[in-house]
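Both complexes shown next keep subunit A, but they swap its partner, so subunit B is in the first and subunit C is in the second.
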Partner chain A sequence: MKKTKTICRILLLLVIVFSLTGCWDREELEDRSYVIGLGLDRSPYKGKIKVTMLLANPEVGSMQGGGGSTEKPREIISFDASDFIVAKVTANAIISRLISYDLLKIIVVSEELAKDPNFFHIIYGAVYDKEIRMNAYLAVSEEMASEYFLKNRPKMETRPHKYFQYMIEHGIENGLIPDSTLLRFFKTKESGTDLFLAMNTSAVRKKNPKFKGENEYYAGQVDATGEMDDTQFIGSAVFRNGVMIGKLTGQETSIVNTLDDTTNINDFLLNIPNPFPGKQKSFAARVMKRENNKVKMNLKGPGPKIFITLPLKFEIMSNPSMVDFSKKKNQEIIKKEIARHFKIEHEKMLRKVQREFKGAPFPLSYNARKYFGTIQEYKKFNWNKSYLNADIYVKADVEIVDYGRVTKKAGN
Partner chain B sequence: MRKKFFKSLNKKFNTEPQFSEQSNAKDIELKKQDINLHYERNIETFKAIFSIPKNVDVKIREFTIRSLKCRAFIIYISTMVDMDQVQKSIVEPLIENEQPTGKIQDIVSFPVAKMTTNIGDITENITRGITALFVDDDDQCYIFETTKIQGRGIEKSNNEVIVKGAKEAFNERLADNIALVRKKIKNENLIVEAHVVTKRSRNDVLIVYEKDLVKDELLQKIKDRLASFETDSILDLSILEQYLEERPRSLFPTILNTERPDRAASFIEEGHIVLLMSNSPNCLVLPATFWALFHSPEDHYLRTPYGNFIRFLRVLALFISLFASSFYIAITNYHVGMIPPDLLMAMAGSRERVPFPSVVEILMMELAFELIREAGLRVPSPIGPTIGIVGALILGQAAVQANIISPIVIIVIALSGLSSFIISDSSMNFAIRMSRFLFIFAAGLLGIYGVAALGIVGLFYLVSLKSFGTSYFAPMTPHFFSGKDLLIRPVPMKAMFRPGYLKPKDMVKQRKG
Partner chain C sequence: MNQQPGKLGIREYVSIAILMVGSKATEDTPTVLFINVQNAAWMIPVLSAGIFFIPLLLLLKTISLYQGKNLFFVIQKLLGKYIGFIVCLVIFIITLVGISLDSRLYTNIIRAFYFRTTPILVLYALLMAVCAYGAKKGIQHIGSVAYLLIIYAITGLFFALGLSTQASNVNAILPIWGPGKIEILKKSSQSLSLFTDFFLLTMLIPYLSSSKDFRKGTWIAYIYVSIQISVATLFFICMLDQSLGGVGYPFHTAVRYISLGSYIPNIEILFFIVWIVSAFIRFTAFLYINALMFGHLFKIKDFEFLIPSLAAIYLLIGNIPESQIDVGLKLEHMVQAVVGPLFAAISLILWLSALLKGEFKHEKDKNNM
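So, the complex of A and B:
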């Protein structure tokens, strides 16, 4: 009797539990097709977009030894759809397996669509899809995204997820492209004050590009020749309120990255003008950022003043003028030169962005908030408007940790 | 109404069967009587009781005691006594001694254990291997302890192998087993108490404890429990273990069964009670907690860092063997986003040609592993070790090549199978291996949520388990004073208390130096 009662209770419990959740959405992982890259373009039809999917073939490159297949490592399809969520179903007319955004690494948007005032509403669908993760990257390509994926044929990494993973990871490490995850994109848009930088990429190399200074390129302008893929990741696209308004070069992007405390830029290499006499006009240095910047503001009065101090550590990587750095005098000279160079470059870039794009390219407004007692006061201050008149002073706190190998001049 | 219906239904199906048994009232009556003064009558009685001459190894030898000039006979079971001793120390002196003395004790060189008159008592003793001497015109029977039972010597421990520390193990001879414990605890307070637990085979159980440590209520509880069995025979200690347990159907053991005397001795020193039984090469430790079952003597013999290292490995192995396969199923079926892209691609690529869902795949391999394991155990020893390895290798390799299972599953199964070997207690080992299957089903149905839910329910259950009034996870939860030897063991100097859940008479093992 007691037993029947317990069994009845257990059954009831199971029924309740299983109606809440269960194996209904169970799907074996090989039944799915994983989208690595998603391309978004403007469609000729009204209210539609052109969706491009880059699908990875799991069989290629995964098998050790025998059993490798002769299949292609990827599949690319483009079609017009109302949004990229429903497009998953449409794509199944062509792709045999269930489309999944679980491994989505990069969303490439053509410049044309990114500049469309409607763009934010299109991309906002990513927030609602359970599979798309907020650490997917947003990138802007000059050409059509559908074309971009077709043209992108990496020579070394045939598996697309690996290619994008390496490309983006190292690009961010070197500071040439911004850390433009979807999370940062949506966060910046919601806060409504600052500019967002998306990485700039292109799979079409410009014909006869002009040679410029170190890294002062947009994507597609680096004049490289050889046997390689034409895809380039350099520079950034500037978004205000979720719509693209302009571009920054690779060098400007790396300056923004040093100013931005919310990204993880650890160290990168840089050319700095040589203060010593000699034919070589610049020397190489490794810049290391280990601490957060110190930001101080004076927001009273008509023209707010913003002081940014960059605590940077340097390692001298080359010494073209064969200077003896064991002498205090020489150390002072190079320190001063670095500080001067950083001040000029940073202030130049910030002023340019302030003038052209009317905002700060990194979440500077967060630092401003603490100077106000209430939210109302902050709102009354109107950061967006006040920033345009702000004077920004950048100071580099230079500490040289390593002067490199101490060279002795011949004969000494 | 419904209650009544079920009740009557229950009654109908669960009636106790009635058997027409032959009455043995006459035998019982006989055993209550005393022996007769008449020599002939005694011979008749015992010939009847032991079915002589049908029973070939029960021997009766008649002779005349020369010095007393009277007839006598001895009765014994030839396979259980030391024949040389009987011949030299009992029979020869009785026949050859010519000096007229009045007492048997003075003639026989073998010490007389006791004298008795009750037929039932004598019968019981003869079945134990003693020799009984009946003398004409004497109302007493002389009993000699001539028992000599053949058995194996003290050998190395087979099932609880350790590298450092004592190697000897219990064997089937009770006297040896007690000696093994006594030689480790040289204290007059170590008590060895005998209790007969069954009626027909008269199996006796020895209760070993330290008088000045063990809590009296606990001892009484165990004695009451031993007295409560209504069974004809319990042949082995492992069967007694099942009789003793509060929840014999439970997956998890609540009594520690060990074959190592050093382990038994260390538990006695802490205030536990140990049960020994003849014919069983092991002992039971009561009460036992999860920690007692989980630890290995090696943890204590190794230096503290090394001991803790293997403890840590064992904890890891416990979790791996419990969760590896279920975690694999949960992740591949429900939480694909948790897998790094490279691994996911590799898994998807290798799973593409496999015809079964991953749950079936895992279950198949788990079953195959258990089969290999069981077969390796039962196979005759000369081909044993080879068949285990070869079977596993061939099965794994061939199954992958035939596209029946994916290589990742082999890794998962091998890992969880290997880890399960690290849990040394065989009962605990079974418990973990069987609950693994439950976790696999839970993961197959509900993913990580199912694993977590089952884990929580299982933990509730474990916490509610009791071994002779001691909670399963004591002294961790509920908390008691103890030597703090749970997951991590302190240096021996810091283990100052005996486990508090036993409430020993002497709580402090050592004082602060």
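So, the complex of A and C:
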């Protein structure tokens, strides 16, 4: 009797184990094709969009040493569809495996479509689709997105998911591109007060681009030659209310990133005008942002005043004029110069965005919220309108943690 | 069933209570609160706890007059045979419907985020089967599993919340008063249903080792749960801000967003496992309590045998609504709007009738003697 009972229990357990496979939702890696990049373009047909899918081959690079397959690491298909959700099914007419957006990393939108007033309704499908994660990035390319993925042929990192992951991660750390996740995009649109920056990318190098100062480039303008891939991630596209209205250069984007406390900027290198005599007009410094900015506002009266203090740490990386930094006087000069440079650059950028794009390029309105008791008061204040008349003052709290390896003048 | 009627210790009881009520932070409650009072939503759980404190205190006081007796016994004793029966029946039916809809909500979450193509009925039936099996094992088993699990459930939740700060902005909770102080108070008084489960938990008194443990455990769980829901809502507001109103299940959206660096990017499954097991415990406990009520109402001694059929009734009721929208926005809303004030009123009436009948005096006299 006891034996039968035990056997019955073991059988029951076995039956339960079978249910673990999930029956309907059984997923075989073999059977799936993961979309890493999704491209959206305007379609020649009315009410449709052109969808491009960059599919990764999970077999490539997964095996150490020999035995790996000789298949290509990726597949790209483009076609016209009503939206990118149903496009998954249409794509199966061409792709043998089941298409999944589960590992989607980047959505590339052509500038043309991003400027379309209807763009937000198209991208809103991403909220509804349960596979798309809100940590996918939104990027804007100057050319058609379908062309972008075709032209994008990384030489070193051929697996697309790793390529985009590293490219974006390091771009954000260096401050050249904004942290434009879908979460931020929808959050900014919903609150309706600030501008959203999406990363700007291009896989087509401009013919004869002009040389510009440090990082004052849009994507595709960096004049690099050699044996490499032409894709560039630099600068940002400005969105207001979910529609693109303009562009910022790499340098302007990095300024925005230092002002924005919610982004993940680490430390980056920068050229700063050299205050000391000499032929070299600039010196290199590493800027480190370790603390949050202090934002104070005076919102009474017709023209609000906004004071932003940036607590930044610097490391001097070059010393072209061979200045002796052990002298207090020289230290003061360089500190003053850095503070002056930051003030000018930041205020210039903020004023430009305020004038041209009529908003703040980072969630500045959040800092205004603490001056109001209730939502009604805040709404009455009308940030969007008041901000246009705001005077913005930026101050950099310069702390130099390292003056470089050589402090004394050579020969002294 | 010749099971020894086992006793629950205070820690098992607290674990059950926390898993039952605290899991509200991980479904759509934060969204509903946000829709009501926007960015002041995090205050609501604490304020409602403050309001519900009075009826709960009075209820516990009344019940403590009858050592080791459960809620239904007290109701029937104080309100008489017939009125008492009707009140108990109403409570039973409301909880039956409420839990059916609640379990449907959980099934919907599981389907929406993890098992997208499995039919609702299969998922729902599996959930109910597991809960029925657990409930049939008896309350002390539920208690021990809850105690085993509670530490993982709490650390899992707070780990996820901590990671969600990657994308959050504290300023989102400002302006501090949201839509205005009066509006917040009004909505708090309407959100009493957050804590009505504690009302039902009084059914478990006979299974506790002592009634002092019960009172102490209730207060510990009550305070902890109100803080947990409040903190979770606060974190979700900071992370999602205005989008919280549009995101159905913020916890699941959040765990799909967060990552452990670039090498372990997608970690939602870790949280899902803990979450689903605590959901099992939640409904197992509900099922058990409901069976207990039914057994008491119709004088059925071996009420454990009722559990499978009750689970089937849940399944049937929960299957009536066609889609999630009906469940989440209309029906649940209705049930919750009724349940909070009703249970608070019953507590007050019980206390009043005990007072008028002079039960408190008797008790005092007994103590003096």
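In the analysis below, the second predicted complex is superposed on the first by the 384 of 412 C-alpha atoms of A that agree within 3 Å, B and C clash if a C-alpha of one lies under 4 Å from a C-alpha of the other, contacts with A are read in each partner's own complex, and residues count from 1 in each chain.
Just so we're on the same page, contacts are C-beta pairs under 8 Å (C-beta built on N, C-alpha and C of every residue); 3 or more make two chains touch, one makes a residue touch a chain.
The structure presented is a predicted model; accordingly, all values stated were derived computationally and were not measured.
Visitor: Applying the document's definition of touch, where does A:50 land relative to subunit B and subunit C: first, second, both, or neither?
Guide: Touch status of A:50: no partner.
Visitor: Determine, under the contact definition given at the top, whether A:133 touches first (subunit B), second (subunit C), both, or neither.
Guide: In the superposition, A:133 contacts both subunit B and subunit C.
Visitor: Report for A:191: first if it touches subunit B alone, second if subunit C alone, otherwise both or neither.
Guide: It touches subunit C, and subunit B stays clear.
Visitor: According to the stated criteria, A:58 is in contact with first (subunit B), second (subunit C), both, or neither; which is it?
Guide: first
Visitor: For A:341, is the partner it touches subunit B (first), subunit C (second), both, or none of the two (neither)?
Guide: Touch status of A:341: no partner.
Visitor: Is A:205 touching anything from subunit B or subunit C once the two structures are fitted on A? First, second, both or neither.
Guide: In the superposition, A:205 contacts neither subunit B nor subunit C.
Visitor: In the superposed arrangement, which partner chain does A:165 touch: subunit B (first), subunit C (second), both, or neither?
Guide: Both subunit B and subunit C are touched by A:165.
Visitor: Could you tell me if A:4 is touching subunit B, subunit C, both of them or neither one (first, second, both, neither)?
Guide: First partner only.
Visitor: A:29 contacts which: subunit B (first), subunit C (second), both, neither?
Guide: Only subunit B; A:29 stays clear of subunit C.
Visitor: Would you mind listing the overlap between the subunit B footprint and the subunit C footprint on subunit A?
Guide: 22-23, 25, 102-103, 131, 133, 165
Visitor: In their shared complex, at which residues does subunit A touch subunit B?
Guide: Contact set of subunit A toward subunit B: 1, 4, 17-18, 21-23, 25-30, 32, 34, 56, 58-63, 100, 102-103, 105, 131, 133, 159, 161-162, 165.
Visitor: With touch defined as at the start, can you tell me which subunit C residues reach subunit A in the complex?
Guide: 38-39, 112-119, 122, 126, 166-169, 171-172, 174-180, 239-243, 245-247, 253, 256-257, 259, 262, 266
Visitor: For subunit B, which residues count as touching subunit A in their complex?
Guide: Touch list, subunit B to subunit A: 3, 6-7, 10, 332-334, 336-337, 339, 341-342, 344-352, 354, 357-358, 444-447, 449, 453.
Visitor: For the complex, which residues does subunit A have touching subunit C?
Guide: It comes out as residues 19, 22-25, 102-103, 127, 130-131, 133-135, 165, 169, 181, 183-184, 186-187, 190-192, 261-262, 264, 363, 366-367, 369-370, 372-378.
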